[in-house]
Each structure stands twice: as C-alpha cells, then as structure tokens.
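Structures follow.
Each of the next two complexes has chain A plus one other chain: chain B in the first, chain C in the second.
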Partner chain A sequence: MKSLTGRAKVLDNPKMTFKERIYLPAIIGGITITLRHLFKRKATIRYPEEKRTFSPVWRGMHVLKRDDNGAERCTACGLCAVACPAEAITMTAAERKPGEEKLYREEKYAATYEINMLRCIFCGLCEEACPKEAIFLTDRLVSTDYARDGFIYGKDKLVEPVDKRVDVSKRQTPNVLEFKKIKHYRHNR
Partner chain B sequence: MAKITIDGIETEVPDGTTILNAARQIGGAIVPPAMCYYTSLQQSGGKCRVCLVRVAQASARDPRPLPKLVASCSTPVQDGMIVENITSPDVLEARKGVVEFLLINHPLDCPICDQAGECDLQDLSYAHGLATTRYEEERRTFEPIDIGDKIKLHMTRCILCYRCTYVADQLTDERRHGVLNRGDRAEIGTYIQKAIDNDFSGNMIDVCPVGALTDRTFRFKSRVWFTRPLDAHRNCEKCCGKVVLWTKGEEVLRVTARKDKYGEVHEFICNECRFEHKNLSDWVVEGPRHIDRHSVISQNHYEKINLVALKKEIERQIQFQKGRTNGNNPNALTA
Partner chain C sequence: MTSFFIYKAILVVVVFGIMLMAAMYSTYLERKVAAFIQDRVGPNRAGPFGILQPLADGIKMFMKEEIIPEVANKTLFIVGPCIAMLTAIMAGVVIPWGGELVINGVPYVLQIIDFDFGLLYVFGVVSLGVYGIMIGGWASNNKFSLFGAIRASAQMISYEIAMGLSIIALIMMTGTLSLREIVEFQAGGTGSTWNFWNVVYQPLGFLLFLVCAFAECNRTPFDLPESETELVGGYHTEYSSMKLGFYLFAEYINMFISSAVISTLYFGGTNFPFMNDLGLSQNAITILGTLAFFIKIGFFVFFYMWIRWTLPRFRYDQLMYLGWRVLIPLAIANVAITGLVMILTDRI
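For the complex of A and B:
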C-alpha cells in the first residue's frame, strides 16, 4: 500500500555477508581502537593525589574579605541578598561601637552573615552586586557533608582569617585594578 | 484660569499655581523632580534647584523667553506660558550639574544608610548623575548626632533642603533645631544636642529627602527592600492614625506616614503612632501598600493586581501611541 504522505522510509534488512558473519574483522577493529587509546593522554586524573588547576574565574566557595588593616569590608547592605537568584544569603546588621574601628571598616557591619551552600548556585551575582568589594567567589571547593545543616556557612567559615588571606586579585578586571590605584577615593583608603 | 503648555502638553490651571504643580496635574515623565519643595509645608521650595525648567514663552502678552532657567516650584504660571522640561537639553544639562553639586559633600554611603531604596537623592542621581565624581577636595564630614532618643542626624548626608525646619515651625509649637552657620558651613543642628521631643517631631524623618534624619528605632534593623509595607490605621486622638507599617514576618520594624507618588506626606502622624506602637495587634491592617514597580522595594512584593486600572492604563497607552503615529496631535510628546 502506498503511504499517504510519501515520507515513510522503507527499511530493508539485508542478509549479512560472509565477512560480517564470522565477526573476526569487527572484533579486531575494536581491539585496535582499545589499544590505540591505551597509549593516548588520559582524560582523567588520580584525584586526591593530583588536583586540577582552576580557571582564574572559577566560582567556588565564597570569601568575605578584610581590608588592608584587617577590618571586615562587609557593611550588611543587603545588595548580595537581593541580587541572589537562589535566595541563599541572609544577614543581620549591627552598629559598630566606639573602639571597634579596627574590626569593622564602616559604622554598620554584618553581625551574622549566612550563605546556604545547598541553595547557592555559584552564579557570582553577589560578587557583582557588592559595592564594597567584600564578597568574592574563590577557587576553593565547598566540602561535602552528611548533614544538611552543615552547609549553612556562617561568618566563621566565610570571613578570611587575618593571617591567612585569600588572594582574589586575579579575579578582578584591569578596570577595577586601575580604579584601586586612585587613593583619594575613600573606598580605596 | 491660565493656559499653560508644558513639554507640548496643554493644560489649564488656576492663577497663582506654580509650574511644578501644573506639571503634576498633567503627571507622567514631564514632572520636574523636587528635593526641597513640599506641598504641605508653606514657604518650602526654591532651594535645591533640581526643578529648574526653561520658560520658552513668558506669557501670551509677552512672548519672549525668560532669560534664565527658573525654579518651577516657586514660579507661578502666566496665561499662555510655554514651559520646556525634558524636551529642553539646557534643562537636562543644568539638572545634571545641580545633581553633581548636591553630591559634592554627600558621602554616598548608601550601603550603610537606612534611607537607601527610598531616597530621592538616590533616584535623582541615578537618573541624572554621573557614575564618577570630579570633586577632588576633602568632603566635609560630621559625626552622627542623636536628636533625642528617636531621631538620628547624619549631617554629612544633608542637602540643606530646610524641610525639617519647616516641619518644626509649622507642625510643632516650638522649634528646637535650625540651620547654623552660613554657606558651605551651614548645618542642621540643635544647640548642645538638645532633645526634640514634640509630638510631631518624628515627621522630620518622613520629610527628609535623603538619609540625614533617620528613625533610631529602625536603625540598621533591615534594608527597606526586605520589609513588607502594609497600609494600616488606628484610632489616634492626636493625628489621623493612617500609617504604613514596614513589617518583617509578624514584626513591625518601622511606622511611617503615607507618602504620595511624589514622596510627600499629606497627613502627618504623631510620635506615639510612629514610635510607640510596634505591635501588629495595635493596628487595623488594610492591605499591602502599593509600591511602584520601578522601586527596589517592589522586589519580592506581591499585591493583588487591579485589573480594571491595568486595562485603563493599557488603553490609555494605546490611545497615546495612536495619537503619536497618526500625527493627529502635533503637540504630543515626540521625545
């Protein structure tokens, strides 16, 4: 019967030739491919001993930066939280008391700052929204855990230690680095 | 009655109306911004200069243009006046300059400021200002001062609009604060930080166009765009009792008076309503406050859509577009 549309494909199932029926040429062909791959460069690495180098713009675990004097840069302005598409960031603000100028850069600071790493999609919008150069995504990985509450990272895990700074200079564009040279801007002091 | 044309749109207003109020009767994009003018405060206006407009024809009898840009908030209309606001490049250039001047001493500490998100200066500089500053001198700085236990004064953010002093003069019986010194040294102050504890002193917070006067009970509690504004009222003997509650969950973080779309309060509220009643149970909640969708506060803010109003607005826009393309209305805004 002729098909109505004329688009149907007619399948034929031809008989195998003698060469195909003994299978040996196909098997040898397969083995050759396997052998060729044995001597090629491997795509995998032996992970715990060997680690891949990250791209300079890799978006991994966040860091809350301190300034050159060791004061926390974050002022709890909430722009990262409002920019966050996954609503992973929460914070509460507090007022800096006299005598705490060494600890906090501005008169307001984040008393608590939490990122839910299970919600976070590592898009980097918080980094883009930050007006104070306080939050950056780094090339560190968020470690695995068995429980969910272990993934809510507070300031204890996010703020960089004074003696162990996290270098983020390679994440900054040439424009930003140029801007940072202008020292009479209050932001750069 | 006087016939006046603003940016090609003709309207008729009573004699003695200012150009700004005439523009507000038309509404839309042609309304000049105003930082110091406040409808409900007498004598306000004429200080900030952001409402400057060009008068292309002074009146029907005298068709010459006015020699300089005029402050629209304090210039009364004349019959046959032709005003250019956003259609005049001169005005936009001047306004840009005024914004730059207003920002000379402004610290731009919006990440810290409680006013951020509902700040007139923020909106204005976003619309007209430069992204960078040309000012290289030291900015004048002041320490924040507590005016009483409810109000915080950040003099560094002040643009000297004088609105708060008019509130004190016209709403309360005794003014305790004012502008000290002159010129670029002028500052709002109270002698020896004298507390202002009048029943209506809290309205200074609402009239302040910037973050110079802020609510101490709300200080750093939350950014305004994380709060949920609700219209509410209560029976108050001193004031109208109609307020906006800025809530987070069941918690009332802040109480303010209701502002219209030009950021002006018409019914001032007393300090008892503003500071003492921070329980949701004290108030009769009317519903969510309408927030303009261009405001950052409308982020995560859900309200019931008024379909009738939406339909009207869409029909109005269709009519407007038709008028533009057919050329039926040569005076229609073409910019």
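For the complex of A and C:
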C-alpha cells in the first residue's frame, strides 16, 4: 500500500542482534550524544537581564495617539469597536466644548475609552479600522495582575502622555499610510 | 591516647561534613547536568551560577509542612528515612580518603577505621540501606509505596549477588579485604614502577560492578523503586518535608560512597600516575592523592548523572533478566577466568 506522505516505514520486529543485546554499543552511542549536548550553546535568554528583541510587526498593548499639538486624535466613531472580533473595546462619546480645542482634535471625542485586555486577542483590526490614525498597537507588554478588573485599561493607561510620546513608526510605515489613502477599499473610506 | 581520639573525632566530623556537602552539591550538580544535557542552563538565580541553590532547597525542605498519613505506621514511618540516612553515612567510615599525613613526626592516616574486612563492611552496610526503603514503603500504607519498596528489595537482592561475585575476582587478585591494602596494591601507578590500577586487570569485573552499583543506588536505568512515571514517587510517595529530604540525601550520599568505592577498588583510590617519580614529600603526595581521589569520585558522580539523563528505565522483567541471567553468569565466568590466569601466570 502506498502511503500518503511516502515517509511511512514498514516495521517488522526482528530478533535483536548480539550487538543490540549487550546494550553497551547503544549506551556508548547515547552518552556521546548527551555529552555533545552538554557543551552545546544554550538557547536560553536570561530574561530580566537579557530581553528578547520583538519582531518588527509585534502587536502588543494599544496606545491612543495625540496629534502634533497634543490633542487626542480619537473621535469616538466606534469603528474600532465594530471591527474588534473579540468585542474588547467600549467607549462613550462626548461633544467638545468651546475652549477644549487644545485637548481634542475633533468635535466629538471619547469621554471614556476602555479595552478589556483579557478579551483582546491583539489582532490589530482596531488599528486597521481607525480612520483617524488614533489607535495603534505597540511593542509594550500588558503587565500581569491578580484581579480581572486590572485588565480593563481606560484612557489613563491608553492615551499617550504629551511629554512621553509612544513611537508607532514601526506600525505606521509609509507603505501603510499610502495604503490607507486608497479609498476604494471599504475600510479605508 | 586523647590526641588519637581528637584526631579521629576531627576526621569523623570532617568526613561527615564532606559527605553532607557532597550530597548537597550533588543535587545542584544533578540539576545542572540535567539542564546542560537538555540544552538548558539550570538553576542560575540563587547566587552566582546558582551555587546557593542547595541552601535554598534545604530551607524549603525544612519549611515544608510535615505530613504523616492517618493510616501510616507512625514509628516506622519516621524510622525509615533515618535508617536510609544512617546506613548511607556509615559506609563512609572505611573509605581510605587519603594516605598518611605526617604532622610533627606523628603519622595521621586519613581513614577513620581500617577494618581488615572493610569491603565486607561496606557491602553489609550498603545492603542494610534497603531496609530504609522497605520500612518507609511499608509504613506509608500506600500501594505505590509498597510497590516501590518491593521492587527495591527484589532489585537489591538480585544485584547484590552479581556485585559480590564481581568483587571476588578482585579479592582473589589483591588477596585482601581491607580497602587500604587494596589501594596500596595499586600504588605507584605508571612511572618507574609499572603497576596499573585494577581496572586494567579487571575490566569485566569493573563493568559488572559499575552496573550493579547503579542498581544498588537505585539510579536510572535501574530506578524502578522510584519510577515517577508509574509509581508516583515509589517508596517516598507519602513523604514530605525533611523526611523526604533524608531519602533524597541518602540517595546522593549512596551515590557519593559508591563512587568512592569504585574509585578505591578499580581506579587506584588515592594513587595518581607518576606519584613516586616527581620527588614530592610524603605530605604533598598525601594531599595530592586525596585531591586525585576526590576528582575520581567527582567523575563517577558525574557519570551517574550523565547516565541518568541519557538512558531510559529498564522494564522490570528486563531488570531481572539482566541481573540473574546475564550479570551473575558473567561474574562467575570472570572469577573463573581470573583464577585461570592467576594459575597460568603463577601469581598465587
């Protein structure tokens, strides 16, 4: 019978030869293998001292960006929440009052914006959906916690501080910007 | 007389301490060797390279909750690990740790007692060790423990015979049971006086002894009494805290002692090559000899671990087959061949 992969081996159970029955050659073979492994370079990354470099497309904790003047870009359109397959995003919208132009870029803004990091699968669809270039996934890690409440990240954790901008150039490459300009793709409209 | 007792007392304490330290650091070494063989790095957090790990483990062992099962036989349950530990340590008494150290013209022999039946003493004490396992396994009142204990005793009995027989050929050669005399028999090493270690004359005997020693110490591939995969933990399934620690310690001390015995019997003990040709003083030779002895022991302890992390466990019938139908006939053949060669070469 021909097997699918062509890798199947027909096994019979032959009597062990004398060489096999005295075990020693096999044992010596085994210990030479383990001896070689003893001196091999170890793949271990000693974590707190040494950190593994993330891949360039790593999707970690989100950031809500501000524009160059420091105003929040998000306009609470809810597209990210619609796009989110894990239904991790909730928000409430509010209207910008006169005098708040410094704070919010658009006339409507997100009064609260929460991402449940336990639900989130870090797919990056929210980032793709956002028409305002407001949300990005970064190479930061979501830290651990003892209670579930701690994983619901509000605006306090998501919005980037004015003086400590989060670099998203790895995700917002010129290619991506160019692609987002193509309006006949539905999600870019 | 008092100085004699003081010297012996110091020696006892030092040997005791060395054995405990060796057992402690064997656990560390075991974990490191295991890790390195498996391409990991092993414990490396407690102190530089993790060398304080045994201390941390010790503290952990002491702090753990002491659990004695309801249905266990309380006295025997406690006696078990004590016997295991006691017999393991007792064997260290006759090991010749070094030659003579001359201080102020008084010779001090680095051996606690030199029985002229030293080898038999070692065998006797080591085989008593099975009682620790037996009693522990029985007293736990647990199927797995009992299985482990029964396996241990059956295994010990089977392999002791082959071990004893493999030693007979050696005793025929050296004509003595005293460990010190066996060491002196191999003195000189290579150099001006060509005198090899016993392993050269008794390669088969050494191999048999080594295999039996593995079985006696319940080390892989003969670790059926513990076999985690089938018997949970074998005889020490029910043990916790320092009583478990005692069993584990006893295992490592046994390993250390058996490495010492193997080095003594077959690898020249405290002898090292060219020892009489370098023009060293008596004391220097003694110290270097002790060092050489510990290097040999260290190698065998490492060898135990090396094998453990290489080979899988024997099946029980294979174990019995190997013991009774391979090792014992081979050992008898070895005795016969040794006798024949001795007659032919007129060495009797």
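Following the convention adopted for this analysis, the second predicted complex is superposed on the first by the 158 of 189 C-alpha atoms of A that agree within 3 Å, B and C clash if a C-alpha of one lies under 4 Å from a C-alpha of the other, contacts with A are read in each partner's own complex, and residues count from 1 in each chain.
The rule is short, and it goes like this: a residue touches a chain if its C-beta (ideal position, glycine included) is under 8 Å from a C-beta of that chain, and two chains touch if they have at least 3 such contacts.
Worth saying up front: this structure is predicted, and the values here are computed from it rather than measured.
K.L.:
Contacts for A:T75 in the overlay, against chain B (first) and chain C (second): which applies, first, second, both or neither?
P.N.:
Once the two structures are laid over each other on A, A:T75 reaches chain B alone.
K.L.:
Contacts for A:K108 in the overlay, against chain B (first) and chain C (second): which applies, first, second, both or neither?
P.N.:
Only chain B is touched by A:K108; chain C is not.
K.L.:
Identify the partner contact of A:L177: answer first if only chain B is touched, second if only chain C is, both if each is, neither if none is.
P.N.:
neither
K.L.:
Touch check for A:I121: first (chain B), second (chain C), both, or neither?
P.N.:
neither
K.L.:
Using the touch definition from the top, say if A:A43 reaches chain B (first), chain C (second), both or neither.
P.N.:
second
K.L.:
After superposition on the shared chain, which partner residues are touched by A:I27: those of chain B (first), chain C (second), both, or neither?
P.N.:
The second partner, chain C, only.
K.L.:
Answer with first, second, both or neither: which of chain B and chain C does A:L35 touch in the superposed model?
P.N.:
Only chain C is touched by A:L35; chain B is not.
K.L.:
Could you pull out which chain A residues touch chain B in their complex?
P.N.:
75-79, 81-82, 93-95, 106-108, 131-132, 184, 186
K.L.:
In their shared complex, at which residues does chain A touch chain C?
P.N.:
The touching residues are 27, 30-31, 33-35, 37-40, 42-44, 46.
K.L.:
Contact residues on chain B for chain A in the complex?
P.N.:
107, 109-112, 116, 136, 144, 219-223, 225-226, 296, 299
K.L.:
Which residues of chain C touch chain A in the complex?
P.N.:
33, 36-41, 44, 306-307, 309-311
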